[in-house]
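Sharing a structure below in structure tokens format, with a few things to ask.
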């Protein structure tokens, strides 16, 4: 079948993209316990840079194409999935993985939220194979970061906060004003405000440089993911299963919603990638404040060690192939 | 009036430049106490990179245009202002802001010295609106960094050094060999020595990349400035007044001197920007060594929290409009 | 004589390359004890970036030209020199510099191993004067990093390990899986696998950006080398002699081997540069683990403070001139 | 060499996660400490598992060192003893000698 | 303010080079420490000369702080006393007071 | 496990600004310390106000840890007591136990 063949070829192409290979190199080095390491301040800056670039490029493109109905549609699907998915994920994590309430809720928040780098890899993949998508998808990405965190707090309810503690963390700040979200949304607005004129000045910075920064960052992600997995002997088969099956189910649901609302194949692919992706920066930060007793030794290895590589290598081409099958 | 209208348009254009908007984004994040932060080692490197680029580009251009009389004129004005302004500023700070002697002298050093990033923003502004200026202005920038610091030491005289202390800081090293000055002047010389051939190799590094680095650095400056202001409840109205009015007076004096000596509009604008700008890296470092009892809680919020944003957003287009009014 | 004249001109051109001048600037700042400093995490990242770029570009070029006999020849010469040179160097260091056994062995490891940045400067030099060389030389560089370290361990034999210590460092990991080697070889493979298609995406990142990163890194190397020398009053004349004469002898031997096996002038120059260069990252790291009682106050000032600047400024054009004399 | 008068004070060494720094520093001020210094760890281990500062997805412990009066330390310890019921971290206190007792 | 019960423990401050961290942390675990924290130095000096963290060719000392039972500390000190025969570094131990003795 | 002989020494913890490091390290050497280690803080507060390491315009405190003989510590404290009359910073000293007394 033509579509599947094409999908196979596309998957192979994805596998051989430099960024994916640098991820594999990092994973190998981490697994072999090499002392290779990207210094942490540089890794943090690379993450900020990726968000700045994604936001800015998205804003410039969104301005060029005008505020379309598609933005509202995609944003609506994203918000709905980000908020509702955690409830289903929570039930599945309790039933299948037998996690305690707090850890299940925190893990659900991770899977409802999104991964910026998975999104970046997804959009690079679409660019490489010449599939168009809306610049506003960067805004959808930003929209999907936080609802799942709120959902997790609703799930655990009042039980989360320990009455004994005099410490009242300013949770809304951690959730709504986390650096990543602020930079992503801020850069989107700056891109939308300055448009082509701004892009003229920053073309090189957010364009060709992006590829290299992504390679370096994925090298680091490979190192971190491999070490995370090595340090997580308690990761049970049921958790690994969830970390692979759940993203595919989420992506499927997102694709059906995208098809029903008439989004393009590119937009549908990206919204599936977002639904499938799991957070490993914003959600852990929020959970450490809000649900300190949830076990980070469960949600981080699942999200960072299993789901992230799966989406990067298998998921992205798979969801795109499915989008073409459904909507092509 | 045409000139004013054009000035208004130019000011609006300045406001919408990506770099200025990233400063605003940083200031918002700092004000809202988001956890957004550029890691300090990266911020330091960005500052070094900006100086390397400014110096190198200036050197290349200065070589291309030859050692002109304009360099001597501009350098002379810069040196004179850098050395004399602190005496006037000291008097004003004592009389108007009622600062103690040491804090007044230290603050005067800040206002007599210059801000590299304000200069960078000023020259980007001129480039964006197509106004030419001499590459040697980078050398004038370097010349203006230290005289004000020496002036401040003369003002306080022997009283500065505590006889009780066995500690004799090597002040000349802090002042003359501070990293910023060495890199700026060194890069200028390297640019002048290698000329176009050197530029061929570094074109991309010091050119299009500069815009992006400036955005990132101004994002950080916005964060730092906002936090500085928030932590400075003791900043009195008279100090805020000084931090806004003094730069305009300095810029005016510089413009008059530039007009009298026949500099171009671009050079005049930049020398006004330099005169108006206040140091927040070199001067504080020197003052911490030379006048440790001066109150950093006064001079840093004034320079970094008030004068820097004022120059960046209002000052630069204003001084340029004034230059055109005077000399156009 | 034409060749020598040309060599003189080339040496002058090398001296005036921006990267070399930035090294000189750093050395001046370090010597004058300016507080100029590249933050350490950034310096580490620059080193990683240089290796990533060198490896990737080498891999892409090696794929384009196919696996040639020249790769095997150059690799063979490199491996042989890397493994055998330390035995000769050890004898010389014992006889001439009167170093103790452990320090002599550790120093020999440094001179048998290679310096990535010297290689980078050598290939930039050849590019600047338009001399071709094989992309596989990056692989030869990677091959030459470790044999000398093994040779040093053979030289000291069982005496190296203290039986009293319960600590058994995993030496093979430090030696074979050191971050630099893994990144260099990994990037070479990624370059070879992705070929032109990968290069299309990373062209800017590994190309024009490289020049700027090299300038910044050499600025830092200048600072570090000058400070190393200043802190090494115990460096005797015989050690300085060795640090200058040995590289020339090694380069000569490499050139004769290259001529005998019919390599091109470019490849011969680079293999001479590699033979002449001394390690200052991989070898010290391995020696700190394997021979902790060897005196780092000897091998680091020699390698970093004397040999590195000598090769950078004098050696590279000299070895190239000799290659042209021999083979031209 | 002239004699240096010295005084006994209590030193707290508090290991906590980054998100708690702001609140804990405010608490130290309220408890009567006139100064403190914060250092960032690079890796570590504890009841909540091992961590390493990587720039991606990690917790990372910070060390807050605060030197002050014994009574201030007691107030801080009472607060921390509650805080540590929910959040990761530990605190150690010990006696140190300082110059210039007016400053603590 | 409610009373805070506190307990005596031993604090080790171990200064070592980076390559030894993994092995020393494993040793601390085996010696009975349930936690430790590692900090990176920026410069220093010792019997093996002076160093500065530059990113190029330097050693750099790290500080491992481990708080635990006296017996754990003794085990660790015995191991370190051998280790330091070959490798650079020092260790200092002192007594501290901790909350929540069950955690150490 | 063989017995480990240990010895009493004095530990200085000196919090100062970066510009003073070179001078203070030289002083420590003159006072008889054979080693020290320096760590960079990320934020803090004191009589001279609060600070945060940002890379732009900030002071930032560094922590110098020096372990040595009591007499060396007394010499250093006398110097520091003068130094702190003009410059920001504090010093705390305490007693620690070390291995290998020949090294201090």
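To keep things simple, chains are lettered A, B, C, D, E and F as they appear, and every chain counts its residues starting from 1.
Just so we're on the same page, a residue touches a chain if its C-beta (ideal position, glycine included) is under 8 Å from a C-beta of that chain, and two chains touch if they have at least 3 such contacts.
A quick note: this is a predicted structure, and the numbers were derived from the prediction, not measured.
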Smallest count of steps, each to a touching chain, taking chain C to chain E: 1
Distance-maximising chain from chain A - centres being C-alpha averages: F
Farthest chain relative to chain E (centres taken as mean CA coordinates): B
Chain C and chain D, separation of their C-alpha mean positions in angstrom: 45
Chain centre separation (chain B, chain D; CA means) in Å: 38
Multi-partner residues of chain B (at least 2 other chains): 37-42, 44, 174, 204, 209
In chain E, residues with contacts to at least two other chains: 39-40, 94
Chain D residues touching chain A - in the complex, by the definition given at the top: 17, 19-20, 23, 48-50, 52-57, 59, 79, 82-83, 85-88
Touching residues on chain B, where the partner in the complex is chain A: 16-18, 21-22, 25, 28-29, 32-42, 128, 204, 208-209, 211-213, 215-216, 219
Residues of chain D that touch chain F when the two form their complex: 1-2, 4, 6, 9, 11, 21, 25, 29, 34-40, 62, 65, 67, 94-100, 103-104
Parts of chain C lying in touch with chain A, wherever the complex brings them together: 39-42, 44-45, 48-49, 52, 56, 173-174, 177-179, 182-183, 186-187, 190, 193-194, 197-198, 201-206, 209
Partner chain D, residues of chain A touching it in the complex: 37-44, 46-47, 162, 164-167, 169, 174, 220-221, 223-224, 227-228, 231, 280-281, 284-285, 288-289, 292-293, 296-297, 300, 303-304
